[in-house]
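Shared between the two complexes below is chain A, which pairs with chain B and chain C, respectively.
== the complex of A and B ==
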């Protein structure tokens, strides 16, 4: 690390050295960041892998063949598979409306989109319990019609959607606002229909932001714990998602299985990170190519 | 194709951008909408294109009402102020866009599109730039691509929003002439918006001068320059001296100068404003019989075909700008600080507006 920094220093011109911090300060800053990252990121990550593989690869893999674990993975995938497309549709509509139209209550909408970021996930879960639970506002009606939402799969899907819905919209709004609506107007004047305008003009220009939002949304949907925990009811093999399953296993002192499922979640976050970097890199290369 | 604007009013919430606009554009004409920013010229252009709807009134193209017709079906070409090129498409694809989005039944074959785009690239003199992206082009090149893209759909009306606004002075002048030539060749009815009076006067067949959502005057460049219909037009077309005076029984008094008004000018007695362009001023070393405005010579610029000079009125300290030919200049032989008597050759008088 240090050699890298020093060679960078040599490479830059004399002007840079007059405005840059002294070498000692730079080293200290880098050291602090690395130590922090190491303590709070790499050590736990290594611990997870270590614990998961402590009793050999066989035991590790066996943890995934257990029916409850499979059910948990399936439920997580299902909730994500439902939340993600809805999120894309909502994010696109909201961003489109906010960036391209003037309407009354726009600021309120922008603020509301941020709500899931500011509300504790537990509270979000509780809202659904209060709304759809047996003692809740809609509880008796739902019970009369034999519809189960709380402590069932629909509740988990709802909670996942709630906590993830800002992701795509948040990525798209600033991007679309910065681009304005000139290009769309140009397409319309040239005779394109609304759909053609969206497909050929809007979508290509926002594709990287959209993909970025989808990746973040995916990570959150799979990893969500708080809101899902409140509405789940922790019925093994039925309403347990992967994060909930990890907790149950851990509480039962089944460390190897707990860490095995946890390692799967950790792997997911690493894949997300890689995908995110790839998207950032590709879009920046594309932008550079478009410049003179 | 002719354009008719009938009683068009446009309001945005409490702000009225256009008041009862009426305008007729003949087939093949090149019209400039000229005015300061916020005068409603761009709003009018966008209403013509269908990008905005009028609050009341109607738009007719070739005597057919199109007010409610969808924007894509009007057959207009629109060139945006900042070009609005599709940034993720090549120049070629930008120009081809209007043809590619046509419904299958009227869409030309790929070969026809190819041929058409090449033809347009040639027309705008950018044949070798087809596979570049908009970011890789200069401002002037982008402008021409935007124009080619608008022309690709063979519009019956071409609308341009500040077509040269974002370019530097030299490119601007070139493109101005080029657009004029292009219009002469293609003869498509065109309307462009500008805030630059030189641009409007040089390029357009007729100029529509707008102010605060109203049309102040419509006329050929010569008409609006030589015979401005209102103080605003006089002021906006630039380089003008303004005198405050009084009208009394058909004569106007400005300082020590007393001039007869043109017959039937219909200006009531009372405070009035007179306008005169710098080249319409006579300079004398003596006051003469009719009286004149006394001034002191200030800065002198004896460069080029005419000598420009600034004078300061001795009675109220206001500035007067004058232009005289080099020959006159030599005869007068004035220098800074000398006394001079100013007499307008013609003074356009308007009643003082009531504030």
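== the complex of A and C ==
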């Protein structure tokens, strides 16, 4: 797959020199890539850690003991704990319908599932404000029944669900489509119930794609800023998620605390990338083993 | 539901799963989005036009669309090089770099925003060396460009990479043995194969940059007419209780992203067909 710089056979080296670039070009291209990535990815990442630890470990750790920070972490976990399972159920159900059956309008449905990815997070928040806000379509009715959605936790959960909506489904759909339905049909013909077929035949074969989708969905759910910012109302200790808490601290010039909470989110993203690579690696190893 | 089926099947659960999918999709996405259009339709044509075309809004379109385009171009250029390097060359830390490319997808945008601001402000690690040269990045349109480039970075790399990986070495060898120089092989043989994926990645990066909010608001300084992006303007209108005005601008943004979504689908169809035809 990767034709290494040093892996050229002696006998083919004359041809190889015409299907590979001169060493200087290679080095230059590697250097350009690493500089660009270093400038845009590595330096900002290092800066987060540096700024957070500027005044020592004690100040850093103190940032997490503040009640508002704890409340923000709790709210982020709560919103994710609701949004993630719902989107998993949706992803499984959409992928089953789309991958195992031929029906009219399937292509339209696939496009619509991807829709939340192309909507600006700000617009995602706005549509819920227009629907559930005090001036919104359902606002007066909700107010009369004393139900708060906007500037309250339900709004944050809704916005989180919206922005993470396609993640699980879009990982599962292509994978399940590629797998076809022969194995499920065989299981059913042999007398398994539909549920048994799903649990014993389908689920084991899609577990890595499912996990992959869950990892991405989780990272976005915990890190979402724009959509949540519109519906939150920024009430300290009540409707601030971790990214919103970072913003408030930053705007108050409390940089150390802001970067401390940010470093926690950055750590989460690094864990996400590591987990993602691990899943990719494990599933490719498994695929090779299963191939005769 | 079963009336939609094109062919009979023994598999169960079609009605249940499709029903739930449609219900969930409608409740979370379709009905709220439709609400946006309903809200806007309450405006007269004149009101709508004045909301979406006053000078401050137009300035924000110019900034957002213009810089998103430039950022996507930057990402297309560097993205192809990075994808090429990651697929074709081996160097220490390649796997690590490969995994790190996805950082802009995984890092919360607000965190990216404050990190980039810290690095590119006049006291920052990079900003301090640019200031003597007369280049200011944070709190200028350049800062917006930096943030938009950051968040669009993985798109081109990730669309071009698999195409390069699947490219058969034999074609290049054939071109070389027929007397093509390396440069000619790269531009005439490899590039045309990669081009549809490159275009898809470019458009995706552009679309993502258009709607971006979190990473930009910290570094841009948010000066009206100068560094104010359209998503921020929507929030400003919302905070002033100008709901209809916010909705009108949101409709413009939404239509732009729908068009881009259609283009991306078309491009994918095109590149898919090309592969089959090949």
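The rule is simple: the second predicted complex is superposed on the first by the 273 of 292 C-alpha atoms of A that agree within 3 Å, B and C clash if a C-alpha of one lies under 4 Å from a C-alpha of the other, contacts with A are read in each partner's own complex, and residues count from 1 in each chain.
Please note the rule applied: a contact is a pair of C-beta atoms (placed from the backbone, for glycine too) under 8 Å apart; a residue touches a chain by one contact, two chains touch by 3 or more.
In this text the structure is predicted, and so the values were computed from the model without any measurement.
**Student:** Between chain B and chain C, whom does A:191 touch in the aligned arrangement: first, second, both, or neither?
**Tutor:** The first partner, chain B, only.
**Student:** Which partner, chain B or chain C, touches the larger number of chain A residues?
**Tutor:** Comparing chain B with chain C, the partner touching more chain A residues is C.
**Student:** Taking the superposition as given, does A:182 touch the first partner, chain B, the second, chain C, both, or neither?
**Tutor:** In the superposition, A:182 contacts chain B only.
**Student:** Taking the superposition on A as described, I'd like to know which of chain B and chain C A:37 touches: first, second, both or neither.
**Tutor:** second
**Student:** Thinking of the overlay built on chain A, is A:205 touched by chain B (first), by chain C (second), by both, or by neither?
**Tutor:** After superposition on chain A, A:205 lies in contact with chain B alone.
**Student:** Does the superposition put A:265 against chain B (first), chain C (second), both, or neither?
**Tutor:** It touches chain C, and chain B stays clear.
**Student:** Need the overlap of the two footprints on chain A, from chain B and from chain C, as residue ranges.
**Tutor:** Correct list for chain A: 185, 188-189.
**Student:** Would you tell me which residues of chain C are touching chain A in their complex?
**Tutor:** 4-7, 9-14, 16-18, 20-22, 24-25, 28-33, 35-36, 38-39, 78, 81-82, 84-91, 95, 97, 99-112, 114-116, 118-119, 124-126, 146, 149-150, 153, 165, 169, 172-173, 176-177, 181-182, 185, 207, 210-214, 218, 231-232, 234-235, 238, 241, 243, 246-247, 250, 253-254, 257-258, 260-261, 265
**Student:** Hey, which residues of chain A end up touching chain B in the complex?
**Tutor:** The contact residues of chain A facing chain B are 182-183, 185-193, 196, 200-201, 204-205, 289-292.
**Student:** Mind listing the chain A positions that touch chain C in their complex?
**Tutor:** 1-6, 15, 18-21, 26, 29-30, 32-34, 36-37, 39-45, 47-48, 51, 86, 89-90, 93-94, 96-97, 100-105, 109, 111-116, 118-123, 126-131, 133, 135-137, 158, 161-162, 165, 181, 184-185, 188-189, 194, 198, 216, 219, 222-226, 229-230, 242-244, 246-247, 250, 258-259, 262, 265-266, 268-270, 272-274, 276-277
**Student:** If you look only at chain B, which of its residues touch chain A in the complex?
**Tutor:** Within the complex, chain B touches chain A at residues 49-51, 71-73, 76-78, 80, 82, 84-88, 97-98, 101-102, 133-136, 149-150, 152-153.
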